[in-house]
Amino acid sequence: MTAKSTTRNRLIIAGATVGVVAAGVVGVVTVQAQDQDPATRTPVIVNAADAHLAQSTHLSIAAATRAAQTALDAAAKENQRVSVAVVDRNGNVIVTLRGDGAGPQSYDAAQQKAFTAVSWNAPTTELAERLESAPHLADIDGTLFLGGGAPVRAGNAPIAGIGVAGAPSGDLDEKFAKAGVASLGS
Amino acid sequence: MTAKSTTRNRLIIAGATVGVVAAGVVGVVTVQAQDQDPATRTPVIVNAADAHLAQSTHLSIAAATRAAQTALDAAAKENQRVSVAVVDRNGNVIVTLRGDGAGPQSYDAAQQKAFTAVSWNAPTTELAERLESAPHLADIDGTLFLGGGAPVRAGNAPIAGIGVAGAPSGDLDEKFAKAGVASLGS
Amino acid sequence: MTAKSTTRNRLIIAGATVGVVAAGVVGVVTVQAQDQDPATRTPVIVNAADAHLAQSTHLSIAAATRAAQTALDAAAKENQRVSVAVVDRNGNVIVTLRGDGAGPQSYDAAQQKAFTAVSWNAPTTELAERLESAPHLADIDGTLFLGGGAPVRAGNAPIAGIGVAGAPSGDLDEKFAKAGVASLGS
Amino acid sequence: MTAKSTTRNRLIIAGATVGVVAAGVVGVVTVQAQDQDPATRTPVIVNAADAHLAQSTHLSIAAATRAAQTALDAAAKENQRVSVAVVDRNGNVIVTLRGDGAGPQSYDAAQQKAFTAVSWNAPTTELAERLESAPHLADIDGTLFLGGGAPVRAGNAPIAGIGVAGAPSGDLDEKFAKAGVASLGS
Amino acid sequence: MTAKSTTRNRLIIAGATVGVVAAGVVGVVTVQAQDQDPATRTPVIVNAADAHLAQSTHLSIAAATRAAQTALDAAAKENQRVSVAVVDRNGNVIVTLRGDGAGPQSYDAAQQKAFTAVSWNAPTTELAERLESAPHLADIDGTLFLGGGAPVRAGNAPIAGIGVAGAPSGDLDEKFAKAGVASLGS
Amino acid sequence: MTAKSTTRNRLIIAGATVGVVAAGVVGVVTVQAQDQDPATRTPVIVNAADAHLAQSTHLSIAAATRAAQTALDAAAKENQRVSVAVVDRNGNVIVTLRGDGAGPQSYDAAQQKAFTAVSWNAPTTELAERLESAPHLADIDGTLFLGGGAPVRAGNAPIAGIGVAGAPSGDLDEKFAKAGVASLGS
Amino acid sequence: MTAKSTTRNRLIIAGATVGVVAAGVVGVVTVQAQDQDPATRTPVIVNAADAHLAQSTHLSIAAATRAAQTALDAAAKENQRVSVAVVDRNGNVIVTLRGDGAGPQSYDAAQQKAFTAVSWNAPTTELAERLESAPHLADIDGTLFLGGGAPVRAGNAPIAGIGVAGAPSGDLDEKFAKAGVASLGS
Amino acid sequence: MTAKSTTRNRLIIAGATVGVVAAGVVGVVTVQAQDQDPATRTPVIVNAADAHLAQSTHLSIAAATRAAQTALDAAAKENQRVSVAVVDRNGNVIVTLRGDGAGPQSYDAAQQKAFTAVSWNAPTTELAERLESAPHLADIDGTLFLGGGAPVRAGNAPIAGIGVAGAPSGDLDEKFAKAGVASLGS
């Protein structure tokens, strides 16, 4: 065991919150059923050594839902009917909300705007301008270079994207997306 | 131990890791270009507050490559031609290696076995047995209930899956996959 | 104007809620921009006559979010990590919530369980039993015959489906889905 | 029960057409089979409370078929061979007619034009002009910014889209689509 | 017998039908636009010689619509809400009708039943029985081995398939599909 | 039986070629197996009446193969490595040939060029010019507006398309495609 | 330079056919256009060293076409209407022939049978029997465990697969596929 | 046996390494199981004659992994987080590496850049310039005309492509891809 992993183990013991959360967040341990008779099963469960592990930060589902709901409410205040999506840094969709009366194009578009914003860590209105010099960025699967996407950051790095679609203009959509982001600042 | 990791450990104790770790791991901060003239841009960059953040553990790409290579080497030693895939806990593919002479079916199959193993935190040979009571688990998109997938764990929770396909039997495939997992235990 | 449409119009007048909501829900009227100069545009906007119209009942996004959140909370109380989806009667996804630490297979599975429940207006555990007599029902695109889906009804007719996936058993998933449905009963 | 739902119930009683149609339209109630022995089944069927419900207006299949047939006939009168599609406000295809001798590209194109028209509540010739200011609207999945799509409205809100494709020009296609819309005005 | 068909019959006897019929049925001849200046264009338009041509029989769109409508009406008489599809011998969808209140699974299922019936020239209830000896027929893309599909024949050969889905049983669905077929017998 | 269908039956008898070919081409009649005991089966097999039928002209597989092979040979003579596809008027692929050493992009591209040529009955180099006035034609699924596609005609109507891809320029690809078309002119 | 690569280079020199063919088969060298001004371009073109290269054997397109045509002819002799596909060892489709009057399901099925045969180097009738012990092999994407696929071998290793579909039984389909394989034996 | 195949056989004899590797690389020979009782099995295994065979050159998996790792390391040295892919001449993906912290768009983009580079045997920055004269090249499936792809050559012919995505500019991505290519030059 390396010094590094020793240190980390100590940290987990000293600060169980982080360690336990990490183990808890990652997944459900449902090994009981198949381990009833450990003698006849693969008896050794190998845990990856710390040297091989990395940590990443992401939004909790509670936070993502809060942001999405805030964006939807912001749109409703202006009588705009939109859909909202939150996507994590790996492009996985975390939350979708199809607003009442939102156009059918809005559901996928919201996801793609969120994906685009988190991919390049910038609002999609800004990213759309970048296409002047690199128009074929827009050919990448899953992207949409229309206003309405905004990144969520932690330590200035992108950890999620919020996308809104359905309002008459991308600027409006993005205003609502940014309201969602802002709700996470406190 | 590098200065960087020292800092990180200290931060964990202080309880603020989150942001700094995030900057290191999560993504590239490429905000310079569009912030040249901050006065004319959206001046406020909101970082999500810690209360909204969670941490997850995953394999580094170096570790994932090591595991995949180990599995491939294990197969080569037995003159088996296989493909190997490593998938993270969210189902995103991290590494694929299409072995020399591996059958065309092996590439997708390896990914699906890895996906299945990390989804239920068990080797796919075990999971295949569970289908007796719930056969329609096999209808879930992206899954494959054939031997050859093995989970990678941290704190007993699944953080990745390794899948191997192409050998004459699933047991052989799984043997190689487990060799890959074992390479991460030290 | 037919007698039928007259009656309906009266109803709208007498109970503006329904009529106004109907018009409001359906879509955003964004005709202003292109109608600035009506003389040069197609001047006639035809509205479909009432005889050609039907009404359908569906969940508001507020209700769908409430149900999904309730299902997610019910799972959290039992330390289960799941994803939740709400699908309307036409199979369109309305809400998705990917719970913290839920397996990657849970996101699509939740949507498919919801789809299945609303398609046949029954919990998916019941529907799974029906496969004994018609096993190829499970081949229909978008369906998943695993416990965890429950229909939402209005006047005993299905108007939505709630799907939960990620717990160790379909029975558990379905318990949470039904908690979501129950939250709409009051 | 809230005042709002009380009002609505009254309306249903006063104007049974709407209420009954709503229940009838929504779906087939096929609960008999599995409720033969209610004592051994989940005995409580929860119906969602009115506060959680919304109503939406859509075309009956009879009306949608009429509109599609009218569009096809209009094309036939001018010896044009086209395909026709009707899509509802949620983007679900309701009717397709592949006209005799219509080109193979026309079938999907008709659906996408209909989808585009109902999404933005305008004929697709008008929408195509909007691309000058927002060219990447055309990157949204399912859209096609070519003449030939026209919205169907109720109370000025879009409730369906009709798309026609296959004629030598989008203007011709759109003329036929509008003939279909017009057939619903009486 | 119209003058037109007389001409056609004569042509068949003369052995030159092919071209003329082809011009009428196959597609729109839109060569005018690009042939305005034949001198600067590829001046030679080659028509395939008769030896290379074959004829196939298919339903007119009028007939296919009639059959689909008949099937839908048959279902409505028994208060069943279904979707209907007609597919030609090459698997191309010709007509779809999504009935009022039909479940979301019915639309694709109707197409797949029609496809299955025309592929093997038999009702899908009969085909489902064949799976006992060849269960993996059901793995072929686009097929669905559930009652509700019926072939349309000309000279005992399959020229189209009609599929119905959404009723509580496949037998009911198939009854309606056969009503659609029967409507073409006169 | 109507006079019209009588006439047609007579024609079949008098001119067995057409009738028999029609019956023969359309599909395999494999009804023997399930009709062994007609009394217990649906005893009535309805054949669609002639009034509901149309005829279409298409290339025989022998002709389509000849054309594809000719195009491939023409490319080989100029040391160009290409793929070739033939698509019928309904967009169904009839023949594909992936030439030795052809780039991986050529296989799908050849099909899409063939599809485009048969859809609009013109060589794709000409069609590419049309995009100046209707650029979004290129957004239609399955199309590719690059030189290399050529229509096959019967009576000036399109009955198939030949697509070639892989040469350094679209003009070259189209030269080979036209060689394939020309091979059918005699 | 290693001894191994030296040897290979010698072979190329001694037997230019292979070397030149190899270079020629692999792809079109179209570097002229972009190398007009080498001074302003990346001047160094690196060729991979021999140590990093492997050779694989595959069917020429002429051979694959011959095999497919032979299979189609064998079916025609027995009045069976089928589609035929040839797939290389990497699963890439090389040739497809949709036979006259073949059912619409036959085209994809032929490809999948060919894919399955080359993946496991055995006729698909034999492979179908293996499903008894490993039924979920059939869940691998692109496979079809129905008679009609046969491998093509060189040195007993699979280099291609031929698939036939559309006859009333898999045994018949496979007979034709094997006829195609046999045509390559001389 | 033709002169050509004789020559080839001689070469194999003279340089057994190549020939044996070729046979070995191609696939796993797992014929033992099904040939236990040859009398009851298809007794004749036909090997394709040499006249029907061609050879192609490709990267070994060891070489492809080396190139991918080198590209990833080159990016890491400049603190860029990228994904890397290696694709063979037939477009099959051989290796993927999703770098730590690489944006979600990078994984597919890397594959598409690699595909594009190997298709036209040029770096994607050069290919992007070609779009000026043939913009619709970018519509071909699987391509991406952004800097970051570079071909791997043997005898100046393309045998693989390396794609890198995720850095702030395509030039940077391509620098890393070329580092990967360069690693194969010795």
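Letters A, B, C, D, E, F, G and H name the chains as they come in the text, with residue numbers starting at 1 for each one.
The definition used in the following text is that a residue touches a chain if its C-beta (ideal position, glycine included) is under 8 Å from a C-beta of that chain, and two chains touch if they have at least 3 such contacts.
Nothing here was measured: the structure is a model prediction, and the numbers come from that model.
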Number of steps on the shortest touching-chain route linking chain D and chain H: 2
Equivalent of F-G within the choices E-G, A-H or D-E, defined by over half of its residue contact pairs recurring: D-E
Between chain C and chain A, distance of the C-alpha-averaged centres to the nearest whole Å: 24
Gap in Å, rounded to a whole number, between the CA centres of chain E and chain B: 47
Intercentroid distance (Cα basis), chain G paired with chain D, Å: 46
Residue numbers of chain E (touch at least two other chains): 25-28, 30, 54, 56, 60, 89-92, 100-101, 103-104, 118, 120, 158
Pairs of chains satisfying the touch condition: A-B, A-C, A-D, A-H, B-C, B-G, B-H, C-D, C-E, D-E, D-F, E-F, E-G, F-G, F-H, G-H
In the complex, chain E residues that touch chain D: 24-28, 30, 33, 60-61, 65, 69, 72, 80-81, 92-104, 107, 166-168
Residues of chain C that touch chain B when the two form their complex: 100-101, 103-106, 108-109, 112, 128, 131, 138, 144-146, 170
Contacting residues of chain A [partner chain B, same complex]: 3-4, 7-8, 11, 14-15, 18-19, 21-31, 33-34, 41-42, 45-49, 51-60, 62-63, 66, 88-92, 120-123, 126, 129-130, 152-160, 178, 181-182, 184-186
Residues of chain C defined as touching chain E within the complex: 54, 56, 87, 89-91, 115-116, 118-120, 134, 136-137, 139-143, 158
